[in-house]
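What follows is a set of structures for review.
Here chain A shows up in two complexes: once beside chain B, once beside chain C.
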Partner chain A sequence: MTADALPERPAARPIRRSAPRTLGPIRPRWRWVETKLLLIVAAALLVGSVSLSGGLTGALALYDPQTLSVYLAALATGHIAFVLAGRRTDQILLPVMGLLGGISLLLMQRLPQDLVTQHWFGNEVGLAQVQLVWLVLGIAITSVTGIVVRSDSWLRRYKYTWAAAGVGLLLLTFVFGSEVNGQRLTLSIGPFSGQPSEFLKVILVVFLAGYLSENRSLLMEQDTRVGPLRLPPVPYLAPMVAMWAIALGIVVIQRDLGAALLFFGVFLAMLYVATSRVSLVIIGLILFVLGSILMANLFDNVRERFDIWLDPFADPLGSGYQVVQGLHAFARGGLFGVGLGNGLPLINGNIPIPEVHTDFPLAALGEELGLVGVLAILGLYLVLVERGLRIGAAAADDFRALLAVGLALVIGIQAFIIAAGNLKVLPLTGVTLPFISYGGSSIIANSLVVGLLLALSDKGVEPPPPPAERSRWDRLRRRGAA
Partner chain B sequence: MDGPLLVLWLVRLGFLLLLYIFLFRVVRTLLRDLRAAAREPTTTLGRLVVVASPDHEPPAGHVFALDAITTLGRDVNNSIVVDDPFASAEHAVLTFRGNGWYVEDLGSTNGSFVNGHPVDGVATIGFGDELQVGQVRFRLERPRA
Partner chain C sequence: MAGLAGSRHPLGKPIVRVAVALSVAFATIALAGGYWGVAQAPDLTRSPYDAAVIAASRTVPRGRILDRDGRVLAQNKRDANGDLYRVYAGPTISPVVGYASPRYGRAGLERTYDAELSGLAGDPLRDPFRKFRTDPYDPKDLTLSLSYALQRAAARALGTQRGAVVMLDPRTGEILAMASSPYYDANLITDPATAETAFKGLLADPAEPLLPRATLGRYVPGSVFKIVTAIAGLGSGKVTPETTYPQQPAAEKDGLVIDGFTIHDGHHPATGSRALDLVGATEVSCNIWYALTGLATGGDQLTKYAERMGFDAQIPFDLPTAISQVTGGKGSQPGGFSDDVELANAAYGQGETFVTPLQMALVASTIANHGVLMQPHLVTGITGDGGTRTIGPTQMSTVLPVADADSIAVAMRAAVEGDLGQHYTTGAKVPGIPTAGKSGTAELGGTGEPHSWFIGFAPADAPTVAIAVLVENGGRGAEAAAPIAGDMMTLYLKGTTP
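So, the complex of A and B:
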């Protein structure tokens, strides 16, 4: 066969680089780092399960091997899905999330199962089973988001639509939400009920990333002076004031201090990342302190939270009961803890902290795993935040960078708020400990956050499309003026 | 000493130990990742990626590391030579001024465009924005950290 007989190659066509890359052939790519880390996670959870069984029943066997094996199988399936999809995404996020979820599962197995009961398909299922369902669903959501999401234009382009959806969700909760413990947090639609604020935080980060990346250069201009502070042009301060008002609105109407603190904290952090200007953060903090003082004077339940924080022992059997019991739990734990299954002595047949599965999981873990265990758990959250910041630093444009940083910080700040609340560093607020607290909304929203981070971390992803929206609007305006 | 109790105690500590082994391995991976990033040559201010270039000079997909003052044009003395019939000899200049990038059109015949609209004098250009010089389109990207 001579060279002449070879079929003629088609003429090379110019490659359109700006066109979104279509899905090529999917080549599996093994993820050794993730595999090794997941093996350690599995080993840790198995040993934890034996430890739990020893603490609860005295027998050295796996405690409820069925539940644990379902969870580990879900993690393995997620891992294999990532391997088969072959995207070059981060390999640390999934194992960290898996370990946090596994610790949550051990804790829920250990608590009295009748804290939460649901009737599904005629069966009554207890706390650990319900949590298992949420955790498996969370892993599925993380995997699907991390594998399927390739482009961020659907987030970038429709940021005002997302913001409107968020405000709508907030208003729905204001109007139709049901009050639990004096907080209007839960929204029930038909058979489903959830806490919209968990999803709102994701929407908030998406909107802020879009808004700040678009107006970054304008926010960095300094042409208004108030005393020693140099401020950006007044119109660009409006969203800051709006955020402040929304945070106060959440406190006033929902009585939800935690969400307000979380939203405002994330907002200030992202503002700082976008503009690197301390003066904006200082103004934000001043506004926040003023708002807090105002709220504490206007609303009894806010003031009560502050009073409990300042001195929970003033009323140890009444309003300060949970915080006092939480502090006792940490104290009983000491350095190495009393061991899984050995803590939480019953008081009159009840566990000492009524809301241990949602608001005080860290206190229970602090008792059973001790200071050493709590520091390890806080370290896991730090790792999540570090990965997010790293993904943001490697991003090609401002939107992706701010989105990654915001998503990581939303988990980090939330973990900080509730951990600090448990430890009486901050007033106690009703936010959940990400991936550890019981609750479907919380686990699903946080899984979505990790999934988006995974999608953003892909090194081989298509370049972002040119921001055409702005110019289209400008062109329309220009045409109108001409 | 009670045998089962001792085993249970060891299992308890084993769980904590495994948590720290996990953290240790994660932190080791993170440090390796950070060191690798530190070794890579970093452009500290930004990068200019060629998105489309009909005459393949500069070729599409090429990445330029940017200095604080980067000139673009057809003349060979420019930092980025845009060999395009619609580009002027001294076409535009990109400058980094403290907090962001600015583009200035140097009185070119066919103008410079940011995201499709013409630059009059000096305009801001953000990361992710497109700059068009002649028929060549660039995208300004954040430096790889």
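So, the complex of A and C:
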């Protein structure tokens, strides 16, 4: 059987090698779909900028054209880079991300600039300028990742190393992190600070994709019976659950509910995609509900979040203030919104939602763009996820498929968690709205996700590693095929 | 690129299912967006907690508040800095109109109608484009059914005594006067120069002048509650106007014993061994007849009829109301009574029964309007750019049949005008006009003076005014409350006080 299998391999190679293995001679390739979509994005942002100017100053002109042109130039540069690189990658992801980032930029321009101030090279820069830097950096990261990454073996082979790095990152935060609002989320090293959980989510997806693709058949085909439940063999599930429990445990210690929910959701979805086992998802959900009840009983700030969620109007000026003001913002927006720059009435010179730029951007957009705008933004996230899932479904092997699915779901589930928190569907948690919330870690991590998705969408990449380095599953499948 | 469903990849199916699950999750968010952004929008955008309502209150002149004769009760002035503040016609309206202060928030009608007065209350569904106008504010003037003259007369009648007067038109539910005593001067709270000291002083005052007693004070009703018992008894058909109890005359002398508890009366020298019916028992305020009627009616019927008149719930009204109760409601007997003793005591207003003066005015109004209770309201018109929106009478409930209500009206007339009755209700009669009513002396236990109550209406044959008067620790009903009620009804019907 093994001998029969060997001659087949060369036949498969030419297909996989249709694209150049190295950068080699650059062969530019027009991306007309991307060009057209980016032109629409640019037009939408220009209209938005004029509308913002009308709302804030009453003048029908571009609002702060310099900032917007820097952003559009960054998008155009990314696009041209993709054209020049000539890879056959997805043409929809970049425009969608560009529109979300542009909406973020308009929102940050519209908010009071002193919400965030940083001193760079002796200059004081405000909210929109800082966000512009992150957004441009994000486009750069997406482009570089999408163009340069051709092999996935560096992700596939070192999955345990990545997992260890992720856990180490969290431990560092736990020991050296600074506490904000009862949560230890921010890690500061020298002048840099960031939220490690944003990067940890990417690492988690890489690890899960690696582990699940390698052990997929075993998880699917063998059973351990526990009462009426049919579980996969425990030894194969254990390392993954342990990895997940460590990540979740540290997150629990940090009191970062949103990240815990996100990790759990992504974990369950990937587990389901890999095994098709609904029983695992149900067990996971039960465990999650039990864990939530336990956490609500153990930690005061978790219970408070639950209480606020159940009835924010019980204390509309105290603990429920932000959530209530967020709901009021949606209500003021109504169907069509009050227009960019016309919402968020000032009380004593302050905006009604203090954390609007990080936790409540959707509420601000709901007020100024209305339900129509909120639906459009939700639609953009769904398009992102749909592209990612398509990339996964069309992927050449299980690792790439699970990686693409996981990366897409990270963005989709995160957007869901915070949007649901803003609209009182779930308790409010501190995760960011991808590409729209203010914050460097969030934008860079999500840009990396889109970059990896772009790389994975390439129709021709380096072939998988030689057989010796392959997993047991691949060898089994190869034998089975022969 | 291969389509999702068409993919031959073994992962294709679960990926499609995950995509469907996430789409459902996003659809939930879209629905929630519609719920808060559209369905709940009319309520949320009028709420006093809405940031736009708060912001507008500081920059836009509020609408005025006018009484039923067009007299201005509330308007705006500018202080030395040019900031707006509220000025009120006088302190007697404060328990109703309340105040609107940037510092101490809102109370009374200023709170309930904050969105209308500040001009933001356009219905976002009916007028979706108002917010795009350069001047999106449309402050509205409120017209009240309240008469400032009657309000001042009622406050003057209460004088230094603590208590409340609620006067309404039983045919429409329009509140004519709603005085509470002691009251406060809202001008001192809104005037930036005096706000801080005034507000601190009011909070510290042991007489609680900030409490609008007419709507938020809960009191033992005493005998005025007998009208509720009569309504439940006749309405449910458990008793008739002719019902007499053989054990009643016998028990007058030594009291009626129910499960070991003795109910006393004070009228036996006047009625002797006569067996009383509805009219007779109401005229002399017979506790024993009403206790027996309560027992015959049963706790569930008593509570049911009381609830038709607004008990056990917030009365739908322009101001927040305290909830009146027939019983604590924790007992195991029908209607939530703990035993027959509690029920018998409640039947003449001395059980676990607590009521607001507004609630008792509604009881009087029910009888006056022949068994149909009109919803009480203060605001009759809201005037803005788009004209005036009139708020007309609405029926709150049909409580009992016309014939039964009119039987009780006859009994209440006897309580004011009968040979015996007039001694219990001295001063309640409107000279020359048939008057009906019922006094109450709410025993509080201990050594304190009882609360003095009166509810009634006039003219008894075609009522145009119903009233409830409460004087805290005022003594017997006839001593404090009844004369105030008589004077107020006379003033309303004849234009002068006797």
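Just so we're on the same page, the second predicted complex is superposed on the first by the 429 of 482 C-alpha atoms of A that agree within 3 Å, B and C clash if a C-alpha of one lies under 4 Å from a C-alpha of the other, contacts with A are read in each partner's own complex, and residues count from 1 in each chain.
Convention: contacts are C-beta pairs under 8 Å (C-beta built on N, C-alpha and C of every residue); 3 or more make two chains touch, one makes a residue touch a chain.
In this text, all values refer to a predicted model and were calculated from it rather than measured experimentally.
When both complexes are overlaid on chain A, the residue A:371 reaches chain C alone and has no touch with chain B. By the touch criterion defined above, A:50 reaches chain B but does not reach chain C. Of the two partner chains, chain C is the only one touched by A:269; chain B is not. In the superposition on chain A, contact is made by A:217 with chain B only, not with chain C.
When the shared chain is aligned, chain B comes close enough to touch A:380, but chain C does not.
Of the two partner chains, neither chain B nor chain C is touched by A:311.
In the overlay built on the shared chain, the residue A:419 is in contact with chain C alone; chain B does not reach it.
In the superposition on chain A, contact of A:60 is made with chain B only, not with chain C.
Look at A:124: by the touch rule set out above, it reaches neither chain B nor chain C.
In the superposition on the C-alpha atoms of chain A, the part of chain A touched by chain B in one complex and by chain C in the other spans residues 276, 336, 339, 370, 386, 390, 393-395, 398, 401.
Across the interface of their complex, chain A is touched by residues 1-4, 7, 9, 11-19, 21-23, 25-26, 28-30, 32-38, 40-41, 43-45, 47, 49-52, 54-56, 124-125, 128, 131-132 of chain C.
Interface residues of chain B facing chain A in the complex, by the touch rule stated above, are 4, 7-9, 11-16, 18-23, 25-27, 29-30, 33-34, 37, 49-52, 54, 60-61, 99-100, 115-117, 124, 126-130, 137, 139, 141-142, 144-145.
Note for the complex: chain A touches chain C at residues 269, 272-274, 276, 316-317, 324-325, 327-336, 338-339, 342, 344-347, 352, 366, 370-371, 374-375, 378, 381-382, 385-386, 389-395, 398, 401-402, 405, 409, 412-413, 416, 419-420, 423-425, 457. Against chain B, the residues of chain A that register as touching in their complex are 14-18, 33, 36-37, 40-41, 43-44, 47-48, 50-51, 54-55, 58, 60, 91-92, 95-96, 99, 213-214, 216-217, 220, 276, 336-337, 339-340, 369-370, 372-373, 376-377, 379-380, 383, 386-387, 390, 393-399, 401, 463-464, 466-468, 470-471, 474-475, 478.
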